[in-house]
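Chain IDs A, B and C follow the sequence of writing; residue 1 opens each chain.
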Amino acid sequence: MSNASFTLSELGQRIDAKVVGDPAMVISGLATLQTASEGHLAFLANPAYSRFLASTKAAAVILTEADSKTFLGACLVHSNPYLAYAELSMLWSPFNKPSNAVAATYIDPAASIHDTAVIGAGAHISAGVVVESGVAIADGVRIGPNCCLGRDSVVGANTHLYAGVTLYHGVSIGADCILHSGVVVGSDGFGFAPSAEGWVKIAQLGGVIIEDNVEIGANTTIDRGALDNTVIRKGVILDNQIQVAHNVVIGENTAIAACSAIAGSTTIGKNCIVGGASGIAGHLNIVDGVHITAMTMVIKSLNEPGVYSSGTGVQPNAKWKKSIARLRQLDKMAARLKTLEQRVEHNTSGIQQDKQS
Amino acid sequence: MSNASFTLSELGQRIDAKVVGDPAMVISGLATLQTASEGHLAFLANPAYSRFLASTKAAAVILTEADSKTFLGACLVHSNPYLAYAELSMLWSPFNKPSNAVAATYIDPAASIHDTAVIGAGAHISAGVVVESGVAIADGVRIGPNCCLGRDSVVGANTHLYAGVTLYHGVSIGADCILHSGVVVGSDGFGFAPSAEGWVKIAQLGGVIIEDNVEIGANTTIDRGALDNTVIRKGVILDNQIQVAHNVVIGENTAIAACSAIAGSTTIGKNCIVGGASGIAGHLNIVDGVHITAMTMVIKSLNEPGVYSSGTGVQPNAKWKKSIARLRQLDKMAARLKTLEQRVEHNTSGIQQDKQS
Amino acid sequence: MSNASFTLSELGQRIDAKVVGDPAMVISGLATLQTASEGHLAFLANPAYSRFLASTKAAAVILTEADSKTFLGACLVHSNPYLAYAELSMLWSPFNKPSNAVAATYIDPAASIHDTAVIGAGAHISAGVVVESGVAIADGVRIGPNCCLGRDSVVGANTHLYAGVTLYHGVSIGADCILHSGVVVGSDGFGFAPSAEGWVKIAQLGGVIIEDNVEIGANTTIDRGALDNTVIRKGVILDNQIQVAHNVVIGENTAIAACSAIAGSTTIGKNCIVGGASGIAGHLNIVDGVHITAMTMVIKSLNEPGVYSSGTGVQPNAKWKKSIARLRQLDKMAARLKTLEQRVEHNTSGIQQDKQS
């Protein structure tokens, strides 16, 4: 956390919150209710944590109107404390820039920049960066150490590439994006034709389009398209170690958690949420507003919004072994059940007949 | 896609296809039937797309003899259009080299090459590359920016390492391989002996042998062997983010899709296909010709060729919860079924006896 | 394997083993029983391999007292041959350093070191390394090529970062750690607040604390905390491609196999073992001594030590399809079973009444 500090009044103005308590109080950082100490601003977004409110050492707390009524200390009253916390958090980010500052362009002497590359005003290019021919880097872009920007790739304004990001040739990244370390964009899709002599590689001739305001987590990989492009629409957030195969399209504001894999040519709609370590097979269509829980195996298109799941969930090993054994006996159990139904049907009929006779 | 262009006749000759239409027609790129425009060559490999044939704007289409009979436009007639497309695709790759060209050796001044390293004719070493002592780089090798080749590693002729590949010491890569960005070859296997004071590391003293014509996807990791080598046989294709543990052996022409993990000392045969996000436990043997579908959990050796699967597949969350609850009741259900069978057996017998008495 | 060689007597002394055979015998390497040749020391740790003992070409073998009694060749007798092998293996590691050697500090001219960074005695900084402001590198640290150490990060004594490791700003790594290539420590946790305009990023203001003697496998990612720290306790071993989300805490000597993912704010106890490709949901608590088998989906806290599992395990595809179809019919099967029980109950009662009447 940076060393910035603000008055409670300043913070209240930023999030349009009512200030309760001394407006001149100095806030030097953010913290949870449990770990806050002197000078910290905390927040209460989840009722499960309300038990920590009475004893918090925070100087002030972001609260809803309702919660503020029973709280005796200083607070910022806001309809959505979690969103308010998110908005204020950026003030303490070490990468926060004053919005009206125009930084000087910096190109480290240990970067290798091709003569034909174009670098915008206020860009920051770190040591070890390699920028190939025809690259266009817009204003205010930050490129961390040892990144590689392949031929004719494009990076939009104020986008931040952390250390060790690789963009292949002809990849396009929008404005205000964040790509974390180890991200690879534009590697070849997994396309091969079988032949009698083995696999014949299909040149991957498409590109990757990443629109504005996308965040991509560490070591995530996004393959280039075979002929058309792989596309990540604006506002998408991707966590770490996600695999996006060739010709996938991910709709606006969709969020995908870590270690998920999306196979080739699948389209995911807008405003979807994909839980961690999920797998989505290729050539499927997932409509807008689908929520897939963690570790789900998606092997068919999902044509209706809603929550979807798969998997069996953890059990003690001994019970699990029994469950699995039973699962494999299910076919036989179903047959036994049917036999029994027929016998009971027959017996009952028999008994009825006996009685009637 | 590069700006190359060819006549229809030239393309037909390359794939040994019959040319229907103007042999002098100029083809400037490849496209799908749906997205093709002027000057594009398209192909029809999958009957699901034949509905796009009549309305395609492609200048020409690669078709089977049968499909060509009903098509009115120009075409290249080939017994395997998908393979023909694969073979032609490479003509538009930006990395395509004229087969008879001898490129000059290039070593970027911002590369660090140890005096004892040997670099072949026509090799291209980019900025930021670090080549340690005793490394041998064969003719025509391309090393992208910021790669690291550890001590005594070997790279075969015409192999291409994209930016940011790491080879540990003593690793051997064959000829005509492609390693995508973020690949790590030769990291330590996960070998530790338990002791009263915690885990004791076992030095990983084996190497990694990757044979010719292997492609390895972005951010895939291949560990070195504990004592013997980890081995990837010729023609193997590995997608992104695959984990190959120490002492694994993968047979010729086996294809493994993204995010799969193969645990230590497992042997996979030739011509296998492993679907994405599958896991294969350690010390197993998978014979030639096994096909494992995506997200399968392989916890025993597979001794017969064939198709194998596991997992439960996606359901709406509410139905999934019921399925899982029922799965856990299966043991009780089985017991109830048995009781019922005994009662019905008894009752029926009883009834029979009643009747007989 | 390095070219070191030792007498059998020297090796015996190092592991406190009884020497049987010529103490002056020269041992030039380690090998398995099956692959050993002249000059090799092998070991027998797993009874499954005892069949190779009689025919091994090893010069000597590490054996238990019991196994040594029937063996005619030279041996080192030790209560725990696997641990003894682990301890001796390090003698042949190419990175093994004589314990009393004080190496000269080396900083490659192609490294970029900020003026304010502090570098300890005997540190080795390779080409292409970028060390930002305020970084503290302790004595004996090895930093491989193209690593990046972000602002104010700290690396403890004798820790080894292989090529291409990225530490974000303010990350702390302990002493005697090993971080393999492609590891990313301190990337932003996946924290966003939903709003009407899309996701609002929450600045990740916590750090990462990695204690002493931790090993982290290739391409593993460890996110920084949102407000508090992500913590990896001493002696933890993490395999390749593991994802550790923000605010996770992993207890001492816990081992996690490749491709596992641990979601945010989950706490894992001491001495746990997590099998490969497992997923652990967020905000859970796993107590000390839990063993989770490979590919398990952990969606609840585990409050008792023991072995836990999930998943259905591989089947031939045709049988799998039946199992899955039956699993989805389970709810109906349960209803049919209940109906049948009621009918049989009723019939039996009816029969009893008939008999009594």
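One rule holds in what follows: a contact is a pair of C-beta atoms (placed from the backbone, for glycine too) under 8 Å apart; a residue touches a chain by one contact, two chains touch by 3 or more.
Note that the coordinates shown come from a computational prediction; the quantities given were computed from them, not determined experimentally.
Undergrad: Suppose subunit B were not there; which sets of chains would still be joined by touching?
TA: In the absence of subunit B, as far as touching goes, the chains form one piece.
Undergrad: Same or different: at the subunit A/subunit C interface, is the fraction of residue numbers used by both copies above or below half?
TA: Both copies touch with mostly different residues.
Undergrad: Subunit A to subunit C: how many Å between their CA centres?
TA: A distance of 25 Å separates the two centres.
Undergrad: Can you tell me which residues of subunit B touch two or more of the remaining chains?
TA: Where subunit B meets two or more other chains at a single residue, that happens at 110, 128, 146, 164, 182, 219, 241, 259, 311-313, 315, 327, 330, 333, 337, 340, 344, 347, 351.
Undergrad: Would you mind writing out the residues of subunit C in touch with subunit B in their complex?
TA: Residues 1, 29-32, 35, 80, 82-83, 85-87, 89-94, 96, 108, 110, 126-128, 144-146, 162-164, 178, 180-182, 213, 215, 217-219, 235, 237, 239-241, 252-253, 255, 257-259, 276-277, 294-295, 311-318, 320-321, 324, 327-328, 330-331, 333-334, 337, 340-341, 344, 347-348, 351, 355.
Undergrad: What does subunit B use to touch subunit C in their complex?
TA: Where subunit B meets subunit C, its residues are 110, 112, 128, 130, 132, 146, 148, 150-151, 164, 166, 168-170, 182, 184, 187-188, 190-195, 198-203, 205-206, 219, 221, 223, 227-228, 241, 243, 245, 259, 261, 263, 279, 281, 292-293, 296-300, 302, 306-313, 315, 319, 322-323, 326-327, 329-330, 333, 336-337, 340, 343-344, 347, 350-351, 354.
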